[in-house]
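A, B, C and D are the chain letters, set down in written order, and residue numbers restart from 1 in every chain.
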């Protein structure tokens, strides 16, 4: 596409319409009007070469269903999606560049802000990568607590997604029910970590502080509460005929496609891609718990939905197995004040709520990493969106995007 | 049919005396004009009040379904919330879209609101308490309410916004198909009554509402009418024209201030009209609830004024429509049409035949 | 015939699923005690914050207006955002020249509440406070001086 | 398949690579002109079947621009790191892997804008996160921007 080589500022200079708009309101002549419309079309990415029936709309950066500042340039024919070009970067903060100036302990708080809905899992990835490099043995207690908190965050994240998925499909009530239950998990976490969203609870070698005295009791109460409500989720959405019609058989992704596009997490597992890092490359205390990898063969929006709901149940299973067996001991390993990773490349993959999160560190032996890279699950999932939504209606685009559960700050980093 | 049922609170005398008073102080022509203006003002007031109440009710009902309290700050229990909202909308800047078709853009909200306004004229609020009693009242209401979609189409087209256009086109397809279901489901009852006059329809239910004495066809017709009227009024789960998560606000994306308020108000008034039709045709209009020969019960029911019965029934139907909206996900446009053409229409036709058969055999009361 | 029964079954199933959904919402409509709204500014009196809640960084002072900050600057280096600045003086106490903080400046506007300063402090001088209502009309009021006017270093800190 | 067998297989089937064994993962490095064929073999050869590219990461190590490719085989559950450095810093270019792994389209765009590595054969190579008129390649070690980067 030719216009992509044109920078926006160049385009504005060329036609100068912005100055006109900003200047005093003059009588609009017909020519100015057509110029204006033409300009709109150029900005919205319309190619003069394409057929008359096809047109572009911009979904986002402010759009209710993009959940943040994602912009999709959607090419439509009637209501049928022809192709999608994602535009990202509106909240790019350069976290990878910032890490090159920060010590490993300081990096933790940045990772909170990647996928903010699974913040402790991001913390966990960095901690494990650093611990790998330093070859420290961390106490069993830390492993257990980290696993439990990660699963709690996963439940919270999936509950938010559940509500939002309902909202995207027009069932606003589901949104409130999802948030009601999420609040309970967040309360448990807040009591323990002191924060509701951005926890910064892990530190290389252990935890910031020991678990709260009520931690186990609260969790058991919460799980008892939540188990009763899973039926309600099914009644309200999963079994609803309209919901089924809107999701079943739409946006089908085969296993091969999922692997080729690197679609991981529940979205990938709904396509029968066994990509659960917790199972494939166990870390923390996941090898101590007996759980199954949720796999579906459908690969459509509904199975991605189902996979997430089942994951909530599976997470509760994991927590239940571990919560009573948290071993006594120190909440942190003996760590040096200044952490220096030996020279080399290290990486750690963890299962974040939306897929495989990877932390890749190249160290030159300094107290700061030479290069740090976060493998964002959402960026890979976004890459598959164009493929999934072709020839579906614009309403399906919303449903499919919702079933992929994108979090934009994680894409932008 | 039975002889006319006259409720305990008969408004005919009052209206008659007002009419006579006007005739006594001015010439007949002027008296009629004055009465028309008075009724117009009365309806405008009614319109505004119902609009405000319904918006508040929607917010409260939605909140109750969603584990919330709803508006709570403006006045006790937030009862003045919508008035505050309305003032805000009045004060808001009316945005002009440069690339819009200005005339149609400004015209659209009026078409929408006038369509709903015209429909109220024929609605019987009580015994002889209606502005005009056409002998084809039901047909008139159906015809007038479907003019509203013209406003929606114009709004979407003239905004020069792609989201609006998609919304408007959806709305067009939706209303054209759901008109059928509304008409046919009402026809099921009309077959039993034998009249399109709304006052006759109400009178025919003196000995029992059609939903009870119309057997199964009436119940099926009622359910279909509820579904179709939800679609007709562009409300969830059929709110595709404004589908918030897909089209941001659909056909009224570019409207602001009072023009947006017109669309907003018209949506609620359309809902009110749809609910009134349902109440009039299926639930006995202003007729009190009577149970067979239970004299004492019937007497108590008769004490409640007809107008209250009417509003109560309408409110009940509106509540059901709200319940729909706050429970279900939205349909997709092709599913919406599938629902109409593959499910509602065939069921409706069979239902109509069934009703006709019942009438033929004289099985209805 | 089979297709007709299927048709009726589909309709029946659909209606049943819709009724179930309406049952759920209907239940909450009629059970008002399940409402989860919190009337925030009014419920300040009953608002319960978690004891570990990370609202802001504070420097606890005891009743004699003494704090525990030696002005070593470890928190300043530990902070990833540069939200702590320490201005210290040298004073002569008991014939020894000692470092004493003049101002412990904390920029709340830059703080991410990661807790590294609290964790790093060797003399436990810093802690998390529960205040979360930080809204202000100008940014200057978000810059706080943590040590109180005229406060001193407590005696029970080992150098 | 364990590491030793993988090394054996790599030696037997693929030329022009250098195998180094690191702590976590087997690493091979190769030159840009061999990269596409090597990755193609790695993906299609049943002995390797590295069908899942789980990370692609641009690097600027020792004054050389390059890309690290992390592969995993979902069939054999083994992993491999392929390092490939461009020939020169000014005109760094690598073959695009989009035809083999469609999911790397966005990832290669990211590397392109941050490191200025040109991916030959990429269908739509332009900036992903940064504005179109951004000058310079921010993740390069010699990038200097006094306005947007605050040094402490």
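Just so it is clear, contacts are C-beta pairs under 8 Å (C-beta built on N, C-alpha and C of every residue); 3 or more make two chains touch, one makes a residue touch a chain.
This one's a predicted model, so the numbers in the text were calculated from it and none came from an experiment.
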Groups of chains joined by contact, in the absence of chain A: B, C | D
item	value
Which of B-C and A-D has more C-beta contact pairs	A-D
Core chain by centroid distance, with centroids computed from Cα atoms only	A
Distance between the centres, which are taken as Cα means, of chain D and chain A, whole angstrom	24
Mean-CA-position distance for chain D and chain C (Å)	41
For chain B paired with chain D, centre-to-centre distance based on mean C-alpha positions, whole Å	64
Whole-Å gap between the CA centroids of chain B and chain C	51
Where chain C touches two or more other chains, by residue	18, 21, 24-25, 36
Chain D residues counted as touching two or more neighbouring chains	152
Two or more partner chains touched - positions in chain A	173, 176, 180, 236-237, 240, 242
Chains touching one another, given as label pairs in label order	A-B, A-C, A-D, B-C
Of all residues in chain A, those that touch chain C in their complex	102, 105-110, 112, 173, 176, 180, 183, 187, 190-195, 198, 200, 203, 208-209, 212, 232, 235-237, 239-242, 244
Partner chain B, residues of chain C touching it in the complex	11, 18, 21-22, 24-26, 28-29, 32, 34-37, 39
Touching residues (chain side chain C, partner chain A) in the complex	13-14, 17-18, 20-21, 23-25, 36, 50-54, 78, 80, 112-116, 119, 128
For the chain D and chain A complex, residues of the former touching the latter	22-25, 27, 51-55, 57, 59-61, 68, 70, 74, 77, 81, 101-107, 110, 124, 126-133, 138-139, 149, 151-152
Chain A residues touching chain B - in the complex, by the definition given at the top	21, 28, 33, 36-37, 40, 55, 57, 63-65, 79, 166-177, 180, 236-237, 240, 242-243, 245-246, 393-398
